[in-house]
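Dropping a structure here in structure tokens format, bear with me for questions.
Just so it is clear, A, B, C and D label the chains in written order, and each chain counts residues from 1 on its own.
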Amino acid sequence: MKNIGIVTSGGDAPGMNAAIRAVVRVAHSKDLKVTGFKKGWHGLIRNDCMVLTPRSVSGIIQHGGTILHTSRCPEFNTEEGVEKGCESLASNNIDGLVVIGGDGSFRAALELGNKSGVPMIGIPATIDNDVFGTDETIGFDTAVNTAVQQIDKIRDTAVSHDRIFVVEVMGRKRGFLASTVGITVGAEIILVPEVEFIAENVFEIIRENAEKGKKSGIIVAAEGIGDTHQLTKDIRENTGLETRLSILGYAQRGGNPTARSRLLASLFGNRSVELLFEGQGNKAVVFQNGSVKSIDIKDSCEGEKRLDLSLIRLAEILAK
Amino acid sequence: MKNIGIVTSGGDAPGMNAAIRAVVRVAHSKDLKVTGFKKGWHGLIRNDCMVLTPRSVSGIIQHGGTILHTSRCPEFNTEEGVEKGCESLASNNIDGLVVIGGDGSFRAALELGNKSGVPMIGIPATIDNDVFGTDETIGFDTAVNTAVQQIDKIRDTAVSHDRIFVVEVMGRKRGFLASTVGITVGAEIILVPEVEFIAENVFEIIRENAEKGKKSGIIVAAEGIGDTHQLTKDIRENTGLETRLSILGYAQRGGNPTARSRLLASLFGNRSVELLFEGQGNKAVVFQNGSVKSIDIKDSCEGEKRLDLSLIRLAEILAK
Amino acid sequence: MKNIGIVTSGGDAPGMNAAIRAVVRVAHSKDLKVTGFKKGWHGLIRNDCMVLTPRSVSGIIQHGGTILHTSRCPEFNTEEGVEKGCESLASNNIDGLVVIGGDGSFRAALELGNKSGVPMIGIPATIDNDVFGTDETIGFDTAVNTAVQQIDKIRDTAVSHDRIFVVEVMGRKRGFLASTVGITVGAEIILVPEVEFIAENVFEIIRENAEKGKKSGIIVAAEGIGDTHQLTKDIRENTGLETRLSILGYAQRGGNPTARSRLLASLFGNRSVELLFEGQGNKAVVFQNGSVKSIDIKDSCEGEKRLDLSLIRLAEILAK
Amino acid sequence: MKNIGIVTSGGDAPGMNAAIRAVVRVAHSKDLKVTGFKKGWHGLIRNDCMVLTPRSVSGIIQHGGTILHTSRCPEFNTEEGVEKGCESLASNNIDGLVVIGGDGSFRAALELGNKSGVPMIGIPATIDNDVFGTDETIGFDTAVNTAVQQIDKIRDTAVSHDRIFVVEVMGRKRGFLASTVGITVGAEIILVPEVEFIAENVFEIIRENAEKGKKSGIIVAAEGIGDTHQLTKDIRENTGLETRLSILGYAQRGGNPTARSRLLASLFGNRSVELLFEGQGNKAVVFQNGSVKSIDIKDSCEGEKRLDLSLIRLAEILAK
């Protein structure tokens, strides 16, 4: 083991830079060279890369985004794309590749590992927290806090105007972000893609609250639950209350990572290099029950992470 | 002068609470009693009010929203509504009313003042900064900083993905927020309702930047410039670059006020009570050339505040 | 089980309000009445209390501090004090008491529980994270992030001036805060009370970094490591580099709780009421390996929580 | 005019980077080359400099500190130091120098301008806001907001514990920061170097508040008022109330600049290049009565900026 490659892929997540820094500096402490591929799999396909030294990752732990840039790269889903990736790994003498990204990136890494024979280590990084096998992904805690801070502000207006706000947070398929954000902002209602919602029940809760004198309210909805514009309109029409929609959008992806996202990134980065150094590959580093562990990347790709619905039930009780 | 009334009206703005606190405590220092009307003109019409003591405004200077609540109240645009307002002022022995809000609230105050004969003082408070006669309104600085902090986060993703972002900020009719936010986030392009934009010019700037190697970019657009969804789509199609839309939304209205919004609120609140105490009425307190002054509320209602386009021109130079 | 009492005791921690809210609302869902004692044990001794309804804990989840107020109460360490506490519990018909605080509060709860026979449930809340039996306490994550955000700012000045900064964070006896803050700000050196430090080694690391061209640096030191003024002076004299001290101070205790502190508070609050409802007492709710559990409050009082020194060793590698 | 030099000197202030960016890009738009000297006057003396292109100032508008680094440089107070500076200006063909810093930097610029004959433009940048001739300096608004956010957090603990807090903010000689911070956090007492304070009066106000039931309080004190440790002790002993000290420290100097600091920096940077382009020199750009103007740098050096004490008097009324 002499040369480690590193790539960030898929959507960016706050803490990716902290992970890059950890990989580079831990590798350096073990006399390993690190090569960074740029713009996700694009850079691997095009052999667009740079040597990363301990100094080149200085002053990045606190910044969102990724200094290696990232992309979604459909070309890498083709056989030809993976073939080019294998060549690129070979021509740079890469003995092990650290892939920082979500489940899509993990699947691509698995394919590339099988084709190239180069050991792969996946580091789960996505604000969606939807990677199987890990309780938390890099960036999730930051996105949650960004959303919470925004909704705390929206609550000021909701209360001052006695208004209902539907707040759409990210999450096309999964409600991890919505449920954690919902309970921590004290949302009256939380809507996630995993649970089909009955509009009439939503109206009913809002009406009950209004009767008790609670005329403002926050509904946190994952984007995957359907048309939030329509929902907002329906609530207005069915409850007679002023209702507004706010879509939090891309700011949830960026910003300085929280301490927790930085810590997770540092621990994951460290473990990924240790694994490669120990001769292991095709693993994903994960956080389970409070500890960093590793599992087969294949298992992570094949499993489906379940949303803990007890949070949503507790949130309902807490909002009464 | 014994009893002062106070009302917050129209959209809420961060710093309204700081203004209420200042009015109450300065009034108290002059042995004046303060009555707060709730939910804007609604409270005046329905005689829904509360006595405000120095203790009842404790611990509110740092909070967004308004403890008096606010509303848009179409009923107050009717003769009957104003009539009820006059009765309410009389039955509470109000000798002077402080109205905290935007230009709509000022017009209503002017009408009410004429009908009731009670002296009115307007305090300009709106995140839109579109009140004539004052260089700045309460809440504007906070909204600008909220938007800037969000766009700083979005920039992380824009750079990491080499993407163009259209960011829609508040401002249906006026571009004060958009232009100040635009120049301070280093936006490549700023679009305001006051200047008709030519889509082809937007594409051209983006293409030029891309040719120079600058593939990410931020376009700050006031909501009043038209359909930002369409604009985003058009940019994507005409430049071939990944383009995304983010609508910042209602979080711009809330949140803890900045120091500047609190300071302005404190100065305005103080001056408004001083004016009433001096026997003046039908004035708006304003901030002009770095000082607090007062003008006829009528003049504020009749004028139209101009956007300084030189900021936008400078922003263009600074983004090159 | 009809009446639950609740008290916040010792130093305040962000998230205490979220815990109070959870206790009150979960209790309400089980038709239990909640009585809040004010100013910690003082309120119990003096029978200074208030009924807490679901509405009275509205709008507090996002605020630091504690609406019940808190204090350190030496009188409660006396037999007479505890006796008065027992009387107060009896006169208010309290069937179970939830005590929110740190290890000192837990010891007092244990004593009170033994004397009064009233079931006690401890909820660990302290920014120091030094309660045995729980991986995390309410407020810790917030304090860490507050410190990290401050040090990120200090880093700007450190880099711009090529200066060394000693930053003292809270922690008289324990280094939990210092070690987590240290690794997540990328501190060059972390000093904790659990590890005696050799000044010469500190100088040596700073000199080595300077030789490599890294002339700025952050040393995160827990307050319990000794005289940080002297250390700062010694570094200056022994390395010849500009060195400054910054003591972060009390801001670490306050502020809006992070999502994580709110979530932990909500889960702990919920579990504490469930335990009392199930007829259990003299327990502490804790967070172990990613789950909420309960242990004997006696065990929590008798154990000593160990600092994981591997974080500090990793931080050293990451700072190279 | 072909080559402009730029230097940041003295203490760093948030927004210096935004000013550098503005100078470089406006200069570029006028086909001027920009040379940046590093580490303040040190870099000029040692001819340590770099060419600054529009791309080299990309992505810095939102960062605190200064990419050119800065220092306090006693050598530049000697004749020999200034002589070397003149040589460095000549050898780099500098036709005009923009100096970003406080009053000390302005005095040095004046001396250097006189000796070298090269036109100098001063841009006032210091968190202390103590530069004569300008209502506001770059960085002041950011430092105020940083302090305010910290004190908002401290207030949580003050209220929860019924404690008095003495909070020391920066300002060795002047109370601009203390007075603006004090009024905007709602401080009960503000102490500035410009006004000798009588300890007994401080105790009296605290005692009066306590009698009215207001047992917590914030005293904002500029560091220049004397020994705040002693003051804290004296308050404790003379009022019998729990009193704590918190020194905000260096975090006030750093952090992402607020919108206002960025805007001021952009306007100042622009005007400084325009002045040089127009053939003017030995001027300071300033902000007066809401507009950017220029004055003789000599006048700025010779005047003494007065603190507006009416803010402190108003703060007293507002804290009752």
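Just so we're on the same page, a contact is a pair of C-beta atoms (placed from the backbone, for glycine too) under 8 Å apart; a residue touches a chain by one contact, two chains touch by 3 or more.
What you see is a predicted model, and the numbers here were worked out from it, not measured in a lab.
*Asks:* Need the most distant chain from chain C, centre defined as the mean of C-alpha atoms.
*Replies:* Using the mean of the C-alpha atoms as each chain's centre, the farthest one from chain C is B.
*Asks:* Tell me the rotation angle, 0 to 180 degrees, that brings the C-alpha atoms of chain B onto chain C, to the nearest 5.
*Replies:* 180
*Asks:* Taking the mean of the C-alpha atoms as each chain's centre, how many Å separate chain B from chain C?
*Replies:* Taking the average C-alpha coordinate of chain B and of chain C, the gap between them is 39 Å.
*Asks:* Could you give the separation in Å between the centres of chain B and chain D, each centre being the mean of its C-alpha atoms?
*Replies:* 28
*Asks:* Counting only Cα atoms for the centres, state how far chain C is from chain D in Å.
*Replies:* Distance between chain centres: 35 Å.
*Asks:* Considering chain B alone, which of its residues make contact with at least two other chains?
*Replies:* 152, 155, 159
*Asks:* Based on the touch definition given at the start, go ahead and assign the chain network to line, ring, star, complete or other.
*Replies:* Drawn as a graph, the chains make one closed cycle, so a ring.
*Asks:* If two chains touch, include that pair; go through all of them.
*Replies:* Applying the touch criterion to every chain pair yields A-B, A-C, B-D, C-D.
*Asks:* Which residues of chain C touch chain A in the complex?
*Replies:* 21-22, 25-26, 28-29, 54-55, 58-59, 61-62, 135, 141, 144-145, 148-149, 152, 155, 159, 180-181, 183-186, 213-214, 256, 258-260, 262-263, 266-267, 270, 288-291, 314, 317-320
*Asks:* Taking the touch rule as given, give the residues of chain C at its contact with chain D in the complex, in rising order.
*Replies:* 8, 12, 14, 16, 39, 63-66, 69-71, 146, 150-157, 159-162, 165, 244-251, 253-255
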